[in-house]
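The next block holds one structure in the form of C-alpha cells; read it before the comments.
As written, the chain order gives the labels A, B and C, with residue 1 at the start of each chain.
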Amino acid sequence: MGQTLKRWVRGVALLPAFALTGALAYAQDADLEARLSALEESVSGSASSYVDNSYLFLIGGLIVMFMAAGFMCLEVGLVRSKNAAMQSMKNVLLYAVAGLMFWVVGYNMAYPGSTILGGLLGTTPGIWSGGDLGVESDAGYAPASDWFFQMVFVATAASIVSGTVAERVKLWGFLAFTAVLTAFIYPVVVSWEWGGGYLDSAWAFSDFAGSTLVHSVGGWAALVGAIIIGPRTGKYFGKQVHAMPGSNIPLAGLGTFILWFGWFGFNGASQLAAGTVPDINSVAQIFANTNMGAVGGTLGAMIMTAILYKGKVDATMVFNGALGGLVSITAEPLTPTMGQAVLIGGVGGVLAVLTVPLLDKVKIDDVVGAIPVHLVCGIWGTMIVPATHGMAIVPNEAGDPNFVGQFVGVALTAVFVSAASLVVWLALKFTIGVRATEEEEMMGMDKAEVGLEAYPDFTAG
Amino acid sequence: MGQTLKRWVRGVALLPAFALTGALAYAQDADLEARLSALEESVSGSASSYVDNSYLFLIGGLIVMFMAAGFMCLEVGLVRSKNAAMQSMKNVLLYAVAGLMFWVVGYNMAYPGSTILGGLLGTTPGIWSGGDLGVESDAGYAPASDWFFQMVFVATAASIVSGTVAERVKLWGFLAFTAVLTAFIYPVVVSWEWGGGYLDSAWAFSDFAGSTLVHSVGGWAALVGAIIIGPRTGKYFGKQVHAMPGSNIPLAGLGTFILWFGWFGFNGASQLAAGTVPDINSVAQIFANTNMGAVGGTLGAMIMTAILYKGKVDATMVFNGALGGLVSITAEPLTPTMGQAVLIGGVGGVLAVLTVPLLDKVKIDDVVGAIPVHLVCGIWGTMIVPATHGMAIVPNEAGDPNFVGQFVGVALTAVFVSAASLVVWLALKFTIGVRATEEEEMMGMDKAEVGLEAYPDFTAG
Amino acid sequence: MGQTLKRWVRGVALLPAFALTGALAYAQDADLEARLSALEESVSGSASSYVDNSYLFLIGGLIVMFMAAGFMCLEVGLVRSKNAAMQSMKNVLLYAVAGLMFWVVGYNMAYPGSTILGGLLGTTPGIWSGGDLGVESDAGYAPASDWFFQMVFVATAASIVSGTVAERVKLWGFLAFTAVLTAFIYPVVVSWEWGGGYLDSAWAFSDFAGSTLVHSVGGWAALVGAIIIGPRTGKYFGKQVHAMPGSNIPLAGLGTFILWFGWFGFNGASQLAAGTVPDINSVAQIFANTNMGAVGGTLGAMIMTAILYKGKVDATMVFNGALGGLVSITAEPLTPTMGQAVLIGGVGGVLAVLTVPLLDKVKIDDVVGAIPVHLVCGIWGTMIVPATHGMAIVPNEAGDPNFVGQFVGVALTAVFVSAASLVVWLALKFTIGVRATEEEEMMGMDKAEVGLEAYPDFTAG
C-alpha cells in the first residue's frame, strides 16, 4: 500500500514528464499495433485449427479408404478359390461406384440444406460441387476434406453387403444395388442423424461414428440381399449345413488387421475436430477405446469358441470377434472408460460368434459373417450408448442419448433400409438378374463372369 | 458528433488527469509489450506452418513409400508362381538401391544449385547432406522431409520398370539399370521442371505430381528395356499370343488398393504446403479429385472390357484401369472439377485397356501392363493439363500451361529417357547380361537366381 | 541526433497535446489489449504444439500398430502351410492380449510415479485410467496418445517371440507367456530407461526407440522360449539341418514392407515432440536415417548372401537384412549422418545373415530368424550409439551415451529378461504345457488347435 502511494506521489510530481511518456506511449503503441497486426495475420494465415481439423479428415479418411482393401482381403480370404478373382474385382468396383454416386447425389442428400416430412428427407439433392479454395470455410475445415471423409464411409457400408452375398451374386446386379445404396438408401439414413434431421432433432438419437448409420445400414441391406438371392447351391441339405471353408485364411487375417487399423480413422476422425486441447484429447481417447473395444471382441470370441469347440479356437471367429468389438464401440467410442470399452467390445465378440449358427438355422447364407458382425453388433453398440451417458430412458431437455431414442433410431433404420433394399433387390431380380445360374456357380464366378482364375497355378483347372 | 465533441471538451478539462493516464498507458504498454513478445515467441516457436508443411511431406512420403509394397503385390500377383519370390525380392532391392543412389547423387542432381546448357543439366551433383536441425529452413519445411518425399518418388519410377521386364530379366542387370535410372536419368528430367530448369523456364511446362516426370520416365525406361531384353520365351508364336496368366489375382487386387491409397500422398503432398487455408483446401480438393480420377479409370476399364469381352469384366484390366486413371489425373489434380477428373481418369482407363493388344501386336512383352498404365496415361494426363487452365496453345506471359509446352516436355522426356535407357540397357546386355537363359526361364527365376520357391507347398516341385 | 533533439523540443512545446495523446494511447491500449487477449486465447486454444505432439503419437502409433499386420504376414509367409492359420490367428490374439495387459498393469509399471531398489522397480503399478479430456496435460500431449503409442510398442516385443517359437508352440501356453511378457517383463525393462529409472540415472544408457528395450527384450524372450520348447520335430538329425521352407514368400515380402513402413512411426514418433522447428526437423531426419539403415541392411544382406551362395540372393535373407538394418538404427536414428546410417544398418544386415547358421549349429530352431534380427542387431545397434555421440567410454558429467553404460544396459536386460522368461516358460511347461505333441505337429497346428485349414483348396487334405 505504501509502495502504491509512493508511486502515486512520484507520479503527480512528475506530471510533465508523464505527459512526455504519453507521447512515447503513443509512438510505442504504433509499434505494438504493427507487431500485433503482423502476428494476427500470421496466426490467422497459418490457420492452425483449420489445418488441424482438415488434417484429421484427410488422414482419417485416408485410412478409412484403406479399409476397402481390408474388406477385400477379408472377403477374398473367406470365399472359395474359384470365386476369389471376382471378389477382388468386385471390391474395387464397388468402391468406385460408391465414390461416383456419393458425388453425384449422395453427399448433398446426406447433408441437405433443408428437409421436408419432418426431417425425413432432404430437399437439395444433387452434385457436390466443392468450395472456394481461397476462402476459409465457415465449417472450420476444408470442404473437400469432409466430402472425402464422408465418401469413404459410404464405401464401407457397400463393402459389408459384398461379403454376405458373395459366391453367387451376379456382378451387374450387385453393382446396380451398390449404386442405389450409396446414392439414396445410405444418404437418407445419414441425413436423419448427422445431417441434423428427424432422429437427431426429435429423439436425441446418438451414433458417434456409425454403428447404426454405417454398419447396420450395410447389415440390413446384406440381410435382405441374402434372403432374396438365396443360399449358395449345396450349402443347406434339409437340416444339414455344409461347410464351405474360406480358401485363404492368412489373407482374411491381414484383412482383419487392415480393418482394425482403418477403424482408428473411422472413429477417431469422427470427433470432427482436432485443433483444440479438448478435441485432440478426445481423439486420443477414442483411439485407446477403439483399440480396447477390438481387444474385448477378439478375446470374447476366443473364449466363446474355446468353450463351444472344446479348447480349439476358430480363426475366422476370432477375426469376426475383433470386427464385432470394433462395430460395437463405434456408436460411442469417447465416453466409456477403457474397461467399459473392453466390456462393450467383448459382448460384441460373443454376439458375433453366437449369431452365426442362428443364421444357418434359418438358412440365411452369409458367406463372411457380415450380418453377425455389422448388423447384430451395430444394434448392440447403438443400444448401449445411454449406459455411458447417464442412463436416460426417454429424451430429456439436456438432449442426452436415451434408450427409447436409440431404439427408435435402430427400428426406423431397420424398417427403411429393409424395405428400400427389398424393393431394389426385387426390381433387379426381375430385370437384369441378381443370381448366377447353378452351372455358373459350380464353375465359379471367376470363370463365369471374370474370365480368368484367381490362382491358376495352384488349383486344378 | 456531439458525443465526440463532449469527449474532447471533457478531455481538455481533464488534462492533468490525462497526463497521468499517459503514465499508466506507458506502464500498461510495457505489460502489453511483454505479453506480445511472449506470444510472438510462442507462435514462432510452435512454427505452425513449418510443422504443417513438414507433416505433409512426411505423411505423404510415408504412404508413397508404401506404394513400393503396392507395386510388389501387383507385380507378384501378375507373374507366374515360379517367378514370384524373385519378383518380391526384386521390389525390396530396387527400393533400397533407389534410396541409396538418390542420396549419393540423385537429389542434388534433381534440385541443383545452378545449371548449364540452358537449364538442361545441373552443376552441383553429389551427396545430399541434410540441413541444420536447429534452424528453420528458408524453404518453409524440414529439409529431410523434402528429401524423403522426393526419394519415394524416384522409387516409384524404378518400380514401374520392374513389372514390365519381369520373369526373364537377370537380377544383377536389373539392379544395375535401377542404379543408373535413379541416380541420373530420373533426376535429370526432374531438374528440367521441378528443379526449375529448361522445361519450366522456357516452356511453362506443367506437371503437378509427375505424370510425365515420374510415370512416363518409368514407362519409357520400361519400354526400351522390354525391347532390348525381348519377350518371354513362348509368349509369341508367329501371330499368336500365348496368355501367361498371373498366379495370384487377389494379391494384385490388394496391390491396386495399396497404390490407390498411396496416391493420395503422391498427389496431395505435391501441393508442397499445408499450413494456410488455401493450401489445405487445395490438398483436400486434390484428394477428392485423385479419387475421382481413379473412379473414372476403374469404370472406364470396366465398361471397355465388358464391351470387348461380351459382358465379362477382366479383373486385371479393372486394376490397371484404376491405376491408369490415377496416372492420368496426376499431372493436374487440382484445377479440374470433380466431373472433369472422372472424365480425365476415364479416358485413361480406356486407353490402358486399348493399348495392351497394340503392344502384343508389335511383340513387346509387358508382363503387368505398366507401359499402357504409366507411359500412355502419363502422356494423356500431361497433354490434357491446359484444358483446365485456359486452353493456351503456346507459352504466354502469364506462364500458363500450354499445349505446345506440354508436347515439348513429353517429347523431350521421350527422347532423353529412351536414348539414355537404350545406352544403359545395351551396355549391361554386353557386359553383365540382362536376360536369363531359356533354361533358367523355364525353371523359373526363383530357382535360378533366388534359390527358393515362392509357394513350395502348393506347386509341384 | 539533431532530429532527436528537435523531436524533444517539439514534444515539450506540445505538452498539452501530448497529455491528450496520453489519453488516446490509453484508449488505444484498451483496444490493443482486447486484440491481444483474443489472439492469446486463439493461439492457446488452437494449442498448436500440443496438437502437433499428439498427432505425432497418434499417427506414429497408428502405423506402428500396423506393424502387427507386418509381423503376421512375415511369420505366416515363413511357416509351412499347415501352420499358417494358427500363425495368423496367434498374431491377432497376441496383439489383443498385449493391449489388455498393458492397460491393466504394464503402462503404469513402465512409467511409475516412484521407484524402489535404486530405480529397478516402479511402485505404482495398476490400471491406467486416462486423463481429464478438458485439460491441457502438463506432458505437452494428449494422455491417451501416449498410452496408445507405448501400447503398440509392447505388442511389437510380443510379436517377435511369436515368430521364433512358431509351428510347435501350444496356443494357450504362448498366450499365457505373452500376458506375462507384456504386463511385467517388458514394462520393468522400459521403466529402467524411458521411465527414468536405474539405467537412465546411473549409466546414462541411451536407447532412442528401443533396439534394446523393445527388440532385445523380445529377442531374449524368444531365445529362451526356443530353448525350452525345443526345435521342430525333424529339424535336426545329428549334424544335419533339415530345411523347412516358408510356404508363402510373397506374403513375407509384403510383411517386410509393412514393417519398414511402420518403422517410420516407431523411430520418428520416438522424438516425442513435433511442435517446434528443431523437433520437426529431427523427426524428418529420423525418417531419412531410418530409411538409410534399412537400405544398408537390405544391401548388406544381399551382398553377403551373394558371396555365400555364389551369386544367388536368398529372398528371406534380404527381408531379414532389411529388418536387421532397421533394428540396428533404432537405438539412435537421429545423430548419425546418412552415410553412418547406411553403415550401421549394413553391419546389421550382415550380422542377421551370419547368425542364422550359428543358431542352427547349436540346434536352436528360430522359424523366422527373429533372434538374428531382433536380438543380435538390437545389441549391435545399442552398442554403437556412443560412436555418433562423442565416443565416451564411461558415464560423464554431460550425461553422454557411453560404451560401458550401453554394455551395462544390454547385459542387465539380458540377465533379467532371460531369467524371467526362463521362469515363466518353465512354469508354463510344467502346468498348461507349451509344446504340441509330435502327432499334432505332424498334422499341423491348424488342424490340431484351430480346427480349419489355411489354404484348403490348394493343399491335399
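Throughout what follows, a contact is a pair of C-beta atoms (placed from the backbone, for glycine too) under 8 Å apart; a residue touches a chain by one contact, two chains touch by 3 or more.
Note that the structure is a prediction, hence the values are computed from the model and not measured.
Chain copies chain A and chain C are related through a rotation whose angle, from the C-alpha fit, is 120° to the nearest 5. Of all residue numbers used at the contact between chain B and chain C, under half are used by both chains, marking a mostly different-residue interface. Centroid to centroid, with C-alpha atoms defining each point, chain B and chain C lie 30 Å apart.
In chain B, the residues touching two or more other chains are 16, 18-23, 25, 29, 32, 36, 39, 43, 48, 55, 59, 248, 455, 458. Taken in their complex, chain A has these residues touching chain B: 11-12, 14-16, 18-25, 28-29, 32, 35-36, 39, 42-43, 45-48, 50-51, 54-55, 57-59, 61-62, 65-66, 68-69, 72-73, 76, 84-89, 91-93, 95-97, 99-100, 103, 127-137, 142-145, 147-148, 151, 171, 248, 251, 449-458. Of all residues in chain B, those touching chain A in their complex are 16, 18-23, 25-26, 29, 32-33, 36, 39-40, 43, 48-49, 52, 55, 59, 63, 80-82, 245-250, 252-254, 256-258, 260-261, 264, 268, 274-278, 280-285, 287-288, 291-292, 294-295, 298-299, 302, 309, 311-316, 318-319, 322, 337-339, 342, 455, 458-459.
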